[in-house]
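So, here come the structures, one by one.
Look for chain A in each of the two complexes below; its partner is chain B in the first and chain C in the second.
Let's turn to the complex of A and B:
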């Protein structure tokens, strides 16, 4: 795409945010917002600076959170996609797993955490498990539906050319369900972020962005809390745009299976 | 061109669909012999089970009763001795034109370069040279069906099965595709079973026309079309055969309409 078009699109996206930030800053500047309860953009930026120089605690925490997120998400994606495909392919497995999934999917991930604290204990394992569950259900569910909605003619067409199960799996089912799989992966980014932050608050013994927000409460440090919120928001947006947006462009957009996003 | 060797033989075929609540006999006691290199067209009123028969030959569905033999071998499931062109272009959106046409050859285990060359030969044959790297969603309906035909021919099956392949095309494109198909068929000399509800199409394409009855589908009549190719849609003999087929069909179409009214 043309650089100019990209730039104008980027600015169009940024403009409403900039307006909101400006209004927020003004409200804070004229003390309309209570500074003990609500931070302001300039104070958040200053806080970020303080949290990086000289001691880059923010970066350490961010790194820890991202590491947990990546690991939990990757596990959730691998298991979720695999199980989703199996469930989509096998009628009996679908019959068994589908009602169970429908029930489990409605439990907020954070509600599992006390249980994990009891069974697995405080620490990274509980956080990882929460992230894993957070993305697992969305991915399994969407993958399964993606497989089930593949037209049987597409499978037949490969069978009559002599395709065995392995070829059908790799060349027909997997790409055929890609629209749903990517939808699941997208939803899962949001869910796993949420799970991460929530679980860190309850179960982290070694920092992280969620832990940082929670700990700041004890010092009435609204600026740090808001810094954490902003980082979570921007982080989620960047992962969605850069990683999954890229994946989408390389696959289903190119194949004409979804409309190009404006 | 056609020999007397029997290529495909269907014996006593009955297909009943039963989903627990509805029981539909799609085909009953259907017998058919197709000779090698013969272009057979099956016509019948809609819902007469002509596509079902093709699915049975393809091995996508199994007959309730009866057997189908290809070169004397019982058909038990889908396999590469048959090629299939679907009613809706059933291309893989994630594969390019070349990727789609090569797929069957890759499954066979043909080396990549050889498969590519062979696929290109068929892409050229259906008139799509220059589009080999295009993705299906960028092609028109007619072009997609051309890819479908190239894909079904590329791995050189014994029989080509075509299920109303031009049904979704506009009248003009349809005519062009019929002429193109004849040109391709003259080149490859495949045994073809072609299903349609268009009598015009049937008489233009067929060596043999099989007219089916309304549901449950049986054979109403078989008409040999002994006209030289390329045929003209306005030729006197063409018109008289068309008339013959239409007369056979008319009764069945009326019956099929009644059947629909009753089930509605």
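Let's turn to the complex of A and C:
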């Protein structure tokens, strides 16, 4: 896409936000909004500055959250894709596991957290498990559906042409399921982000963005809470657009399996 | 969601039900047997029989108002979900239609919604607690906020995806604005609105359970699970999780029923959107 077009689109996206921020700032400036209850853009920026200089606590927290997210998500992706492929290829495993999966998938991830607090204790392990579960089910489910939706005729055709199991797996099953797998991976990022924030609130002992918001409540520190909220919003958006948009562009769009996104 | 192993005939449906039932029973039996032989630590992992018994006791236990404690927990969560969802649906549909109608409103609000939509509902909870304190107002408003975004987003998409030709055709046949709204716009965006409802309901439910853990006073399934942790009662946590799953499957079944009676009957189902 042309740079100018992108820039103008970006500015058009930004303009309404800027108007809202300006109105918000004015309302706060004239004390129409109670400063004990609602923050203001300038105070949020100031708070961000305070949290980074001289002591970069915000960056430390963000780093910790991102590390947990990356680790939990990677675990979920590896195990989720593996189990999904197995369930998609083996009918008996599918019969046994799919009812259990559809029961487990309907449980809100956060409901597991008290159980993990109980069994593995407060701290990073619980948060990791929550993130893992948050993304695991979506990935398993989508991978499995991807494999199962491949037409039998394609497999038969490649068998007739003399492909062995390995080639069928690598050249038919995996590419055929890739759209679905990547959809699952993409959904799972949102889920694990959500699980991260929730689990950090309930189970973190060593900081993190979710913890920061939750802890700030005890001091009625609305500025920190709004700062955290904005970081969560922007972070979620960036991860989705940059990382996964990039992944999609490099894989399934390039292979021509979905139409290019605007 | 296609859960079916088979989808053909009733006899196959029964076969499927039997397989599902058998799978669950054998897993529970396995679990029970493993716990029975003391392989699992009983203070961490409860036995199925114990979970069932404790849930039964909780069902029989009376609250101060002489109602079953378990049912009051379930009822509180569902009541919050109902209020939050109604609120979100009302505001979401109205705003979504406005955004679909007017290019200007859409241009202005779309960035805000794009930015706020991916924020997990629970992240709002601490701020709402400062505004509304513990209890229902916080839980319901955070739940409503979480459910609002998918509804407004899908409604907008629905209204905007109507082909202009339909509206022109209706207009040239002499339909006024009101007729166009009720006979063209609303029916053709109904499937989208319904998708928004489904997503909103799921999101609202999840958020309400989560917020109940940090902001509930006394009742609600989320509160029940989180509270059991303090009293070292794993069986109630396990039971609570199972009840959460069952209640949600029940809600999902209800939604499917409504869908079959309305959208599907009108012939307007569109491919499943996640």
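The definition used in the following text is that the second predicted complex is superposed on the first by the 259 of 262 C-alpha atoms of A that agree within 3 Å, B and C clash if a C-alpha of one lies under 4 Å from a C-alpha of the other, contacts with A are read in each partner's own complex, and residues count from 1 in each chain.
Following the convention adopted for this analysis, a contact is a pair of C-beta atoms (placed from the backbone, for glycine too) under 8 Å apart; a residue touches a chain by one contact, two chains touch by 3 or more.
Here the structure is a predicted model, which is why all the values come from computation and not from measurement.
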item: Partner chain(s) touched by A:66 [first = chain B, second = chain C, both, neither]; value: neither
item: Which of chain B and chain C A:102 touches, first, second, both or neither; value: second
item: Which superposed partner A:193 touches (first chain B, second chain C, both, neither); value: second
item: Touching partner for A:247 - first (chain B), second (chain C), both, neither; value: neither
item: A:33 touches, of chain B and chain C: first, second, both or neither?; value: neither
item: If touched residues of chain A are counted for chain B and for chain C, the larger one; value: C
item: Partner chain A, residues of chain C touching it in the complex; value: 1-3, 5, 19-20, 23-24, 27, 44-45, 107-112, 114-116, 118-127, 129-131, 205-206, 209-210, 213-214, 222, 225-226, 228-229, 232, 234, 237-238, 240-241, 244-245, 248-249, 252, 274
item: In the complex, chain B residues that touch chain A; value: 58-60, 77-80, 82-84, 86, 88, 90, 92-94, 103-104, 107-108, 135-138, 151, 155
item: Chain B-facing residues of chain A, complex; value: 151, 153-154, 156-163, 167, 171-172, 175-176, 178, 251, 254-257
item: Residue numbers on chain A that touch chain C, as the complex places them; value: 12-14, 16-17, 19-20, 37, 94-96, 98-100, 102-104, 106-115, 117-119, 145, 183, 187, 190, 193-194, 197-198, 201-202, 210, 213-214, 216-217, 220, 222, 225-226, 228-229, 232-234, 236-237, 240
